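As written, the chain order gives the labels A, B and C, with residue 1 at the start of each chain.
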Amino acid sequence: MNPLRTLNRIFHALPINLALIIMCVLWIVPTLGLFVTSFRDREAVRTTGWWTIFTPQPVVGETEYTTYCASCHGAKGNALPQANLSDPAIVNKYQRDYQLLAYLKQPINGQPHVQNPALPGNPNQSLPILGKILVYMQKLSSGGAKGPSLTLSNYVDALVGYKGTNSYLQDCASGNTAALLGLNCTASDLTSPAGMGIAMLNSIIVTVPVTLLVITLAAFAAYAFAWLDFKGRQWLFAILVGLQIVPLQMALVPISRLYSAVGMQSTFLGIWLFHVGFGLPYAIYLMRNFIGSLPKEIFESAYLDGANHWKSFTTLALPLSVPAVASLGIYQFLWVWNDFLVAKIFLTSHPVLTVQITNLIDPRGSNWNILTGAAFLSFIIPMVVFFAFQRFFVRGMLAGSVKG
Amino acid sequence: MSTFSKPIIALVVIALLAAACATPTPAPTTAATTEAPTAISSTIDCMGAKSGDTLTLMYQWTGSEEVSANKIFQPLVDACGIKISAESTRDAAVLDTRVKSTPPDILFWPSSSPVSLYQDKMVNMTTDGADTANYASYWIDLGTFSNTLYAIPVKADIKSIIWYSPARFQALGYTVPTTFADLQTLVDKMATDGNVPWSMGFENGAATGWTGSDFIQDLLLTLQGPQYVLNIINGTTPYNDPGVVAAYQIYQKWASDPKYTVGGANGTLNTSFLNAIYLVFQPNPEAMMVKQSGFAGGEIATQFPTLVYGTDYDFFAFPGIKGMQGGADWMMAFSSSNAAKAMVAYLTSAYGGKVWAQTGFDESPNKGANGNYTDPQLIKKAAALASAQGFTPDLGDTLGEPFTSAEWTAIIQVVQGTDIATALAPAAAAQKQITGK
Amino acid sequence: MMPAIMKQGKWAPWLYLLPALLIMALFIAFPTFNTVVLSFMDRTSTQSAAVDCVQGQPCWGIFENYRYALTNSIMLNALSNNALWLILMVPGTVSAGLLFAVLAERVRYEKIAKSIIFMPMAISFIGAGIIWQFMYSITSGGGQQTGLLNAIIVGLGGQPVAFMSTYPINDFCLMIVGVWLWTGFCMTILAAAIKNLPSEVLEAAQVDGATGWQTFWKVMVPLVMPTIVVVTTTMTINVLKVFDIVFVMTGGNYGTEVIANRMFQLIVTDTGRSTAIAALLIVLMIPVMIFNIRRFQKQEEMR
């Protein structure tokens, strides 16, 4: 291997790699933010940015502690055995600055607790100081420099469908069964009716048939639009393009009325048909483009070999448009997987993932943090589908079939 | 959702037993009014509903709120054997679709606005067995449309209150104001001390501004009184009346100046209403007070579990207010099936009010709830509600669209510094369009 | 159109089309007809829209809801915003998607890179809202910035920016979310088309000594053009219908209103206006439909 040539190649490939990597970084940063957040508790999320778990945080309150407390309690807080500030049991008695202030006002052995220097007499000045000292004392009592505290609660709570105000793991640990509502802290909770396990199954039952149906029906229709001749073809195709703009919200009331008239409310059949209906215009439009751009010659030669339309559809058009089918399949899957409104309205009895998760969130959204864990749990299956379908993006299927 | 697992049933029974045990037996007095313990089945009137009858419900309660609601429904389920099938949604489009195809038997909604949209499909609450004697007349008036009682409040929350930390007030030498002049003095004193008095953040996505509308209505109730607010609702007082402008002037000053509220105008516009609550009670607080409905207590307890109600956080009535502003979840019926009647009769009965209070799912406007609260916070809120001289619902909710969004837009603009008269004009036009005056 | 030598039965096309046509007729065409009818009625769909006319003010009679859709100040804001979205986001997503699809083909980490661009769409279930809050949020009080952009700005010594409530920055911020979300879609479809290109043609170009840039513009782009048009059409439709990003992040406040958000906000409280806006969307599609028909004909003439 010639090192100069290798260097030359790397140099030439550099702009491409640079462009790709910059774009990937820009694209992944927001998602990374959510990913990091999904392991943090919500008070931490509220007060500090997600990236702070990667960066050293400034130490709060050390100066104030050193000024007012270190002379007696020591730099590590453990100089006085009877008032050991590295003991969480003592420190946790003071959650807020005013509690500490009230305590410090009590004299010790007839002397002011804090002297040399004394705290400012005006509470407007002393409270902020004590607030910082409290933060520092928390740090001392929790064993000094500890890594950022991460939690799996957002995932676990979503998975089991926890509806309390604390967290599933904490309630299980403390035996707080009243808040657990039928969850019993065993593996069976993974299949609890409010959890994500059952909802994921429902989502799959909704999504897979819809994706298959849309692809099949669209392929048939697209072949007709591309290679068959019939009256009104152009007009029908124009209408098809236009139908893509129709907002599905417009169909909710009429279709819901129809379903209740024929007894199809909250059935899988009902939601399948609805999704297929709204998936088809785009699917046919996309497939017609791919099937229509296949070279005419391959169909002609097949015909000369004795193939009819059915045969050329199944043995030529379909196999040759596999990349199109794959990309269509990915998105059709994804749109149905992420749908909330249609599932909410047409499948009340079997909540899908999106519906199930919204049911866990309090009306004012104070436990929104569950969404972060739920998002990544829900994210797994579309990503699996994406990787699985990428296999079909292969070059050279049309090799040798092209005119001149 | 609709199926109750056995542990829940067990829990409710335990909860009821515990509540019964917790009530100390009063010493026998001459006029003993203690009711004899009655079996649930004789307290609940099933209105002819038979075991296995189904009842479809729709409500906005999710998460822990839905759990509380289920606890309240359980005695009815146990007594009559009806099967409840409930759907929870906050989405008005879902409600709309249901009502226009398969309406739920009973609807619970945080305003009575569905009545104006679906009145022709609704059932008179009185014929469905509502016991109106258990409600103050102002509640009945608010639920009456075209001389028919279509809505009954089941859950109420008071809005005209201010949350603060008693211990912090004490440490800083502040006292709870009792008149509006006191409040203004206190706010200015805090500002002079370098303490930001208010946390007014009101960001809430498409509903941004509603917290501001509550604040302004409290100012109207304080400066003008309840009749003035009712006149805005019925259209006799336009929403750009000098009295409204005066309230907006005070609000604009407080909500857009960083001396008075956390982060000034940008803070008000971009801080979520939940975070606005937390900012007052976090370890290094950024403000002294937040004006928010009763639900704030629960949010504080959830976010900061170590804080103690009564010392670390508490509330006082909006100083000098002449009447109380409140919100309610309303019960409306699309069916007069026996099961629907049983639910209406149960929740409007004195016993239903008692169960509601014991469950501790906010306050119940039902008089049967009085004296049955166990949570000190709810007892205080219920007392405030019971002693309210005039009661006004949220004027934005009551007037409905397009006023509601016009009002929120006006508030946003005022905080951004738009001239008040200019900002109020579209809201006044929307009010005129609705009331026709 | 079929090659001239291939014969077909008279009913054959309809056998291929019928299942799809029936389902679409029921689920889209029928509700669309219903929508148009409702758009001429009042807010509760009980009387003609003309009853909403106020004396002494402009009135379009039965077209009163369309007067709202075309002249109301919020709708004008929405229409101009949608135009801006079209101008910026459609070319943005299509060109970024094409560039990425072409470049990624030439590196070994193609699959990983593509999945990173695809990811936003896969996670959109909780709405891009929460994700971008960690980018755009502003802390106005004394606390730390929890939004990455403001943290960087403050770290560099600047003043934090209220990205969501400052017009027109907020509009561009929302469009960035849109580009982030939809580029993966354009990339996937275009990558499928590129993979379908006969490799001989590309190789031939390289043998002829064309640079990568020339191959891209002179060979690849023309060959992929039909798919570029398809993706552009689809993105145009998506942008006309854009709603969730705006709804979640600003609720349409602060001058960021878009057509579909207005439609959705009014769907319950004012069915007449809401359906008129939906009908307006369909009308806006007519140029796109005509353009596609022309292209359809051209493609068939060429083959």
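Keep this in mind: a residue touches a chain if its C-beta (ideal position, glycine included) is under 8 Å from a C-beta of that chain, and two chains touch if they have at least 3 such contacts.
In this text the structure is predicted, and so the values were computed from the model without any measurement.
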Outermost chain relative to subunit A, judged by CA means, is B
When B-C and A-C are ranked by contacting C-beta pairs, first place goes to A-C
Distance between the CA centroids of subunit A and subunit B (whole Å) is 33
Cα centroid separation, subunit B vs subunit C, in Å, comes to 40
Taking each chain's mean CA coordinate, subunit A and subunit C are separated, in whole Å, by 22
Subunit B residues touching 2+ other chains are 93, 96, 284
Flagged in subunit A as touching 2+ other chains are 46-47, 249
Two or more other chains are touched by the subunit C residues 143, 264, 267
In the complex, subunit A touches subunit B at residues 42-43, 46-47, 92, 95-99, 101-102, 123-124, 127-128, 131-132, 134-135, 163-166, 177-178, 181-182, 184, 193-194, 249, 252-253, 256-257, 259-260, 265, 341, 344-345, 348, 351, 358-367
Seen from subunit A, its contact residues with subunit C in the complex are 13, 16-17, 19-20, 23-24, 27-31, 33-34, 37, 45-52, 217-218, 220-221, 223-225, 227-230, 233-234, 236-247, 249-251, 254-255, 273-274, 276-278, 280-282, 284-286, 289-290, 292-293, 295-296, 299-300, 303-304, 309, 312-313, 320-321, 323-324, 326-327, 330-331, 334, 337-338, 340, 353-354, 357, 368, 371-372, 374-376, 378-379, 382-383, 386-387, 390, 393-399, 401-402
Within their complex, subunit C touches subunit A through residues 1-3, 5-6, 8, 12-14, 16-17, 19-21, 23-24, 26-32, 34-35, 96, 99-100, 103-104, 106-107, 111, 113-126, 128, 130-132, 134-135, 143-148, 151, 180, 183, 185, 188-189, 191-193, 195-201, 226-227, 230, 233-234, 237, 240-241, 260, 263-264, 267, 275, 278, 281-282, 284-286, 288-290, 292-293, 296-297, 299-300, 303
Note: in the complex, subunit C contacts subunit B through residues 44, 54, 129, 137-143, 162, 164-165, 247-254, 264-270
Note: in the complex, subunit B contacts subunit A through residues 1, 3, 5-8, 11, 60-67, 87-91, 93-94, 96-98, 100-102, 165, 167-168, 170-173, 193-195, 274-275, 278, 282-284, 295, 298-299, 301-307, 312
